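Look at the two complexes coming up: chain A is in both, with chain B in one and chain C in the other.
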Partner chain A sequence: MQKNIITLLFVLGILLTVAAQESGSVLIKNATLLTITDGVKEDTDLLIKNGKISSIGAGLSVGSDVKVIDAEGMYVMPGIIDAHSHIAIDAVNEATDPVTAQVWVGDALNPFDVNIYRSLAGGVTISHAMHGSANAIGGQCETIKHRWGVMDPEELRMKDAPRTIKFALGENPMRVHGEGQSIVPATRMGMEQVFRNSFEEGKAYAAAWKDFASGKTKTPPEYSLQKQTMADIISGDIIIHCHSYRADEILMLMNVLEDYGVNKICFQHVNEGFKVAPELAAFGAHASVFSDWWAYKFEVYYSTAYNAAILAKNGVVTSINSDSRELIRHLYHEAAKSQKYGGLSDNDALKLITINPAIQLGIDDRVGSLEKGKDGDVVVFSKHPLSIYAVPQYTIVDGVVRFDINEDPSDMRLDIDPEEAVPTFMEKSEHNHDDSCLQDVQGHFSHKH
Partner chain B sequence: MKKTALHLCLALWTLQVAAQIDYDVFPEVTNTYFINDVHIQTSPQDSFGLGDILIKDGRISQISRTMTAPADAYVIEGDSAYVYPAFIAGLSHAGIAKEESKKERPKVKFQGYPPNSVVGITPEKKAFEMVDPSNESIKKMKSNGFAMAQVVPRGTLLPGQGSVVVFDGESNQDMVLIESVSQFMQMKGTRGFYPSTIIGVMAKWRDLYNQAATLSQHQDISARTPQSKRAKKDAALESLIPVTKKQLPMVVLTNKVKDLHKALALKKELGYNLVVAEVQQGWSLAERLKKEQVTVLLSTKLPKEKKDKDSKKGDKKTDKKDAKKSDAEKKAMGDAEQMKDEAKEKMDEKKKPKADKKEKPKDPEVEAMEARQKKSFEEYVGQAAAFEKAGIPFAFSFLEGKPEDIKKTLGRMMKSGLTKEAALAALTTNPARILGVEKEVGTLERGKLANLFVSDAPYFDKESNIKMLFVEGSMTEFEVKKKKKKDGGEASSDFKANLAGTWAYEVETPVGPMGGSVTIKGSEDLSIIVTSDDDPDDPSEGRDITLGDESITFVIDVGMGPGVEVPATMELDFNGDSFSGTVSIDEMGSMPISGSKSSSPEHHHHHDHNHKH
Partner chain C sequence: MNKMIRYSALLFSLLLIGSLSAQMVEKAEGGTFLLTGGQVYDHDKGMMGADLLIKNGMIAEIGSGLSAPDAKVVDCSGLEIYPGMIDSGTKLGLAEISAVSLTQDHSEIGTYTPHMEALTAINPSSVNIPVTRVNGVTTVLSVPGRGLFPGKAALINLHGYTPEQMYADFKAPVLRFPSTGKRGRWDRRSAEDIKKDSEKALKKLNKFWKSCQIYAKLGKKDKYNPQMAALLPVIEGEMPLMIEANKKGDILAALAWANKQEIKYVLTGAAEGYRVLDSLKKYEVPVITGPILDNPSRSSDKYDVGYSNAGQMQKAGIKVAIRTNETENVRNLPYNAGFAATYGMGWEEAFKAITLAPAEIFGVADKYGSLEKGKVANLFVSNGDPFETRTQIQHLFINGWKIPMESRHTLLYEEFLERDPGINR
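Coming up: the complex of A and B.
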């Protein structure tokens, strides 16, 4: 009887039961585990207890209160991580100033964005919700867990994930501010100067507060969240994720960072990364790329689908990202392209969407592989995830089944407008087919990413 | 007999005065009134029963059953009418005129560093300074039983400080009871300038708050350290210092649940006292708000009842049914008997066989979605009841809901479970306590300000009318209007006659406000042209135009980038020379729009219109 009621609740699409619990327990039986860090384990069980992977082995059993998934013939991999996306946020660009280090998209989390659920259907459990690329130094980003069903934006955050910030090179900031406002940066030379100025301000600001704290100065400096944020980057508290395409400016930024002793950086898009792969590896910079997407504006013409493989083989920690609410649903296809273009092994291809993006976000101690003690974020595929026939069956976040292909009602809305006509279409919103780096920028900048 | 004569005399004289000069405030002569033989609701819970009230020098001098009228008192024959403590609006713009929408983009050197005034940061202003005692909105509030309000300035991010005013006095100085009672914040950006988006707004607020706290620290140090660096003068920051010291609460506009989460997160981070205002979707957070001792001002704007839409668009059969329902709903104004009747009616309706429904079966998916929407609708209407249940002594705000709809709104809330006591408390004792004036107002007690209204029947009765209002002992009488009979959704001719012309609008988009104009021609067969200030050469023509009671609904195509247009549904509710409503774009949701008439049609248009009739 109780079971019937639970089924009924699911059928009605009421996710309150899910929303109420932060973590859960699940036993997955008889699966092929793609652990990423410890090889492939066939016919093995994986137990998630109270949100953490508690054991991996054969013949595991649990009490009748724990959900059991029989995954015979199926594949289990760590939840996919997208190091570059703009889903689940209500604002992407504060495009009014070339430097907006003080803003934070974590202030605009939107737990009601149905793209969270859609990305779960593609096996993605974590995404990096980023500020856009309108500004040289854009806002701080937020690493979110796809806990679809929660109403409180706070519950989307991956607690204790390191702070990250968006930088951007090249045409976008030059166009928005140089052309749009007739101010610096109008050229790539100007770009460098914007970074140097801001780092100098951050340095001076930290020094001024230090002097006040030590009694060297009697009165406090004027508070500035922007300068404080720059100081936090210098002190290594924030990982930079920098929108970039051309090799020359990638080298430029590495030079600037070196001057300020900053080394935590992941270049995003980085289409010409293959030209400077050894330099990136030597600096310890990471790269997060598209599989095969380019030529959408002038600075993105010189590109190759071998980019990911070349970077990876040169020892650069590389991931493949979506930057799009459509691509985020099949990142496992995107990763598979690195096998056609570059011949990466299964495990190296899967690293591009699991442990590597985890490293880039500074969360690899908690997620990105199937290991005892890590978060219970896993996805169960019908076939090997690099097969074009693979379909995600269950996506589990902290031991809670957030997507189950067998319990997938058509109406997944969480926040229902009491007045608005019931929306029933997709086609009308085609203009909005992906969340772009230039969202919220006013003007006529139709080029994206 | 003598009393009656005096009363008659008084009434005639009032009429005469009203005819001669254009206000209806009874001139104060002896400052003494005696209201005879009325039912007295002394507080939300307590009724004195039948008695007399003596008002002297603006205060309640006595409430008694055995008093005789003093010789110097104007005697008001109560005639078993009903007296209530006058209402207090927890938040309002009463008396503060709408700002002209700015046509020209301000000249600012850097978008990223605009002057405070460009982005609506004026926390140094005080609301009462902007109050015009003769503003129409004050009259409207008074005629609906309100004697007092916390008023806040209009504006953008930090419009200024809230003041407590009473609706009596010849100048705003006369009216103000407390000059500064709160600091008001709306999490709104200004398009094209920093902060333009919600993320900019949150960051800017953190900056301002921490700058104010640092400035305060600097001031303290300077005061005790001779020859130290002087603290800079900054009126805006200085006006925020009391917030950082928890001497003034922040009143934050929080319509939706996401807004509430943002306001709560900022309170937690920065640590000030928080009042959430204009709350429309807060029921799921009631317990948390209570735990974190947040003061709650619920919105009086409820989702529009579906019947309006159906009777415009639906087929005739559903029309009739809904019309019947709507009458029943109108009837249910808290009167127990009527509520019972209605419940019975509903039961009967349920018992009826469904055979008479011959419409083609609906798509079950759409039906399921509509059922969820209905549930959502009920949650919005039931919010006040949910807060009562959670034990939160809330008041109401009137920035979006109209004070003239208050009785109807309360009726809908009470149908969803709000008790009469809680409804009255939300308009009297609760706001009095929230504003710190509970010793002066909120109940009818000896010594308190004589803020009360006289209703010809129990207030919540459908047919009751407010006849008279006292504000600090000063009397205003209202002409009891005969309800105009509207036949089935027919728009009033006043409304239609006033439609033609050009209306300036402003839409609050997620990236800041956008302005433009709506040009309406005709009064029956309307033609509507919408122009955006951003792109004045590319107007959009309205289609699917539906003329409602005092509203129009239509669809326009809006540009979303080069070559991309999407339909937007505009729903505008008109109120004299202004309107408010929503612009809905699928997937983007709906955005508030408001506007006012900027010019009337040229003469020949009017002529054409007359010809048609």
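Coming up: the complex of A and C.
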């Protein structure tokens, strides 16, 4: 009997694994397609075959084994991409040193986080699971696909997505290290030198390995993953995503990067990006911003909700992100705010949550628009996604329907914490706008300012 | 041609003055205003084409073909006119920058501080205020927090140079009902400790309340006891108590407690109101709920309960007002209502929940909450549905003052959209 159960569990386990790896096929019929890169196509079908968009056109048909969604009167757009999030990870900050380039968020993925499902219910198919902003140079991040239902952390990764790393400027690293531990950086002057020092170390480390390889030196340098990571940034293998707010610190980092020949950078939050939009555009730096968050700390007091519009109109590749398990559920509404604040066109507003974050994560050849050959990541909305009345109906990842509003029981947990305590609204809201970037570090503050 | 150049130069220097005054918002304009040719929104009849006359701060007339020789005419053709939105729970004016503690005036030290007056600490010059009102929010309840009785909330209009000028005739003390919920994701207390703490707090509450009742009976109003004196209007039925409770069990406990005291009260928060619809209905308690754009409180909850809660309560026959519980982003009130509308409440009821419903709950519906002759001229003019994100507010009136459509956010936009000098010196 017991043996039977074990066999059953084993088979079940295999089935689950197979299901997880599976990419699917779906035919969406009669929809209005918001392709992002090729205009709006009314009354058109979209076929996803084995996880990839295989055709877009009229009157497409499939065999009876493929799921068909009749989307008459509905809108289909590419799966929403959040370039800044901390969901689906068990640890956010390795807040023990101003430089922790050696750590990796990908080691702490948690496929059981119910926020994955909730973000799918808001049309988000990909998020950038980031290290926090406690350190000047934080850990490396992971671009994940919202394959809700998988149990193996490996299955969350977007395979072959470029490496990314978190940098942070301003108050957060200054508070954690300067104020909290009385070490550099306590000021924005100190910040610069932390970066210069680390880049210099990375450069020397790479040179030492080169000397060893060419036989110029007899012994290799002492192994350091931290220095190796810095060397990889210099050689262009890693995209920097830098938590930043003030214009001066943004200019500082661009100057440092220029000295080391680094140009792959996306500034995150970048509330004062609008002040240096021409410089950002000239450098080729990207910007990933909040739609309207401001004034929760001093360095965001001189902000404007028109930031995204100013940046976009100045030619900066701009996205709108969540940095929040709440906002991630309605990024389509956050994108619409760029129409209120700055009058962006429908397509330009939608770019902020599709192709632009894809460019910033280096995955725009695979996702971010409805194009033949791209991944089958799409959302079906009841109305135009920039309308307040739009409700996501289906969210599809690699051709697999991961959210279906018609099959949405209230309890979607994959595992259950019997000791979960319930937070209250009043008390929750007191932390509403702390960027969740500073998760896990409250113990490091000697006092609160 | 010459004239043209001179005109351009004048225009340019005017613009320059605007940008030199960097963060300053223009002054409001007083007088008599005639809004012509717009669609005026009525809660019962919907949209109707009419003119609207504003005189002495009030709505003097609504009708077609109005004329007023002394009035400044505001052309509203093609536009829609709505009553100013009311946020029934914020910290606006009481906090400037949440991470800078000395800019926060909402949380006094102590468990029993019902004598603290939010109105006293309202900062009329808060940069957050213009940012909020240009989105059509004309009136907010500013609510103190921390402790059991943190103080009296105050209803304010978002224009004025002194708190008194801003005051909108409603105040009420707040009771944060002892919660068995977690304080947030950083609350590391065990479930048992949380329960113990809340029981202790409930005992304390009952003891304090008993003292207040005795104080009221003895009529010792001359003796200086500001804490107890502050609650007299509640005990004597002149003022409601605003009771904050969110978790199902806490709401039920709060309802039972309040009914035992035989006081007027309003339930605020009510995040899990949808779990206790029968009790809310039975006690006919009005509810202020929100934010709507918030996560469910339990990980076992359906993803959209935050969106649908307000509608579920309203459909059960409960009077519902919507709040943002915000400071710097109170401007998102119409979007909170918009999500409630989308997820079951419907447009009319959701709009009521941020206009007439709070005015009724606060007992000021004779002045606020709808466009009617004789009410205070708090209104906005928009180019469409105020819930739709892209809609622009074109004109704004508070207490009959025509408010400039400017805030730090619009001023920075004007200055930096086409920065000059640009990339070169």
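Here is the rule we use: the second predicted complex is superposed on the first by the 401 of 449 C-alpha atoms of A that agree within 3 Å, B and C clash if a C-alpha of one lies under 4 Å from a C-alpha of the other, contacts with A are read in each partner's own complex, and residues count from 1 in each chain.
Methods note: a residue touches a chain if its C-beta (ideal position, glycine included) is under 8 Å from a C-beta of that chain, and two chains touch if they have at least 3 such contacts.
Everything numeric here is computed off the predicted structure, so don't read it as measured data.
In the superposition on chain A, contact is made by A:D152 with chain B only, not with chain C. In the superposed pair of complexes, A:N197 makes contact with neither chain B nor chain C. Of the two partner chains placed by the overlay, only chain C lies in contact with A:Y341; chain B stays clear of it.
By the touch criterion defined above, A:A277 lies against chain C but remains apart from chain B after alignment on the C-alpha atoms of chain A.
In the superposed model, A:Y117 lies in contact with chain C only, and not with chain B. In the superposition on chain A, A:P220 contacts chain B only, with no contact to chain C.
In the superposition on chain A, A:A305 makes contact with chain C only, while chain B stays out of contact range.
By the touch criterion stated above, A:V103 is placed in contact with chain B alone, chain C being left untouched.
Of the two partner chains, chain B is the only one that A:N93 touches; chain C does not reach it. According to the touch criterion, the shared surface of chain A, contacted by chain B in one complex and chain C in the other, consists of residues 410-411, 413, 416-417, 419-425, 428-429, 431-432, 442.
Interface residues of chain A facing chain B in the complex, by the touch rule stated above, are 13, 90-91, 93-100, 102-105, 107-108, 110, 112, 131, 139, 151-154, 181, 183, 217-226, 410-411, 413, 415-425, 428-429, 431-432, 440, 442, 444, 446. Interface residues of chain B, counted against chain A in their complex, comprise 110-113, 191-200, 202-203, 206-207, 210-211, 213-214, 217-218, 221-222, 225, 228-229, 231-232, 257-258, 261-262, 265, 284, 303-304, 365-366, 368-370, 372-373, 375-377, 379-380, 510-511, 560-562, 564, 566-567, 569, 582, 584, 586-587, 589-590. In the complex of the two chains, the chain C residues touching chain A come out as 96-101, 127-128, 145, 176, 179-187, 189-191, 194, 244, 246-247, 250, 269, 271, 291, 293-295, 297-305, 325-329, 331-332, 335, 338-339, 341-343, 387-392, 408-410, 412-413, 416-417, 419, 422-423.
Those residues of chain A whose C-beta lies close enough to touch chain C in the complex are 114, 117-118, 121, 171, 274-275, 277-279, 282, 292-298, 301-306, 309-310, 313, 325-326, 329-330, 333, 336-337, 339-342, 386-391, 408-413, 416-417, 419-434, 442, 448-449.
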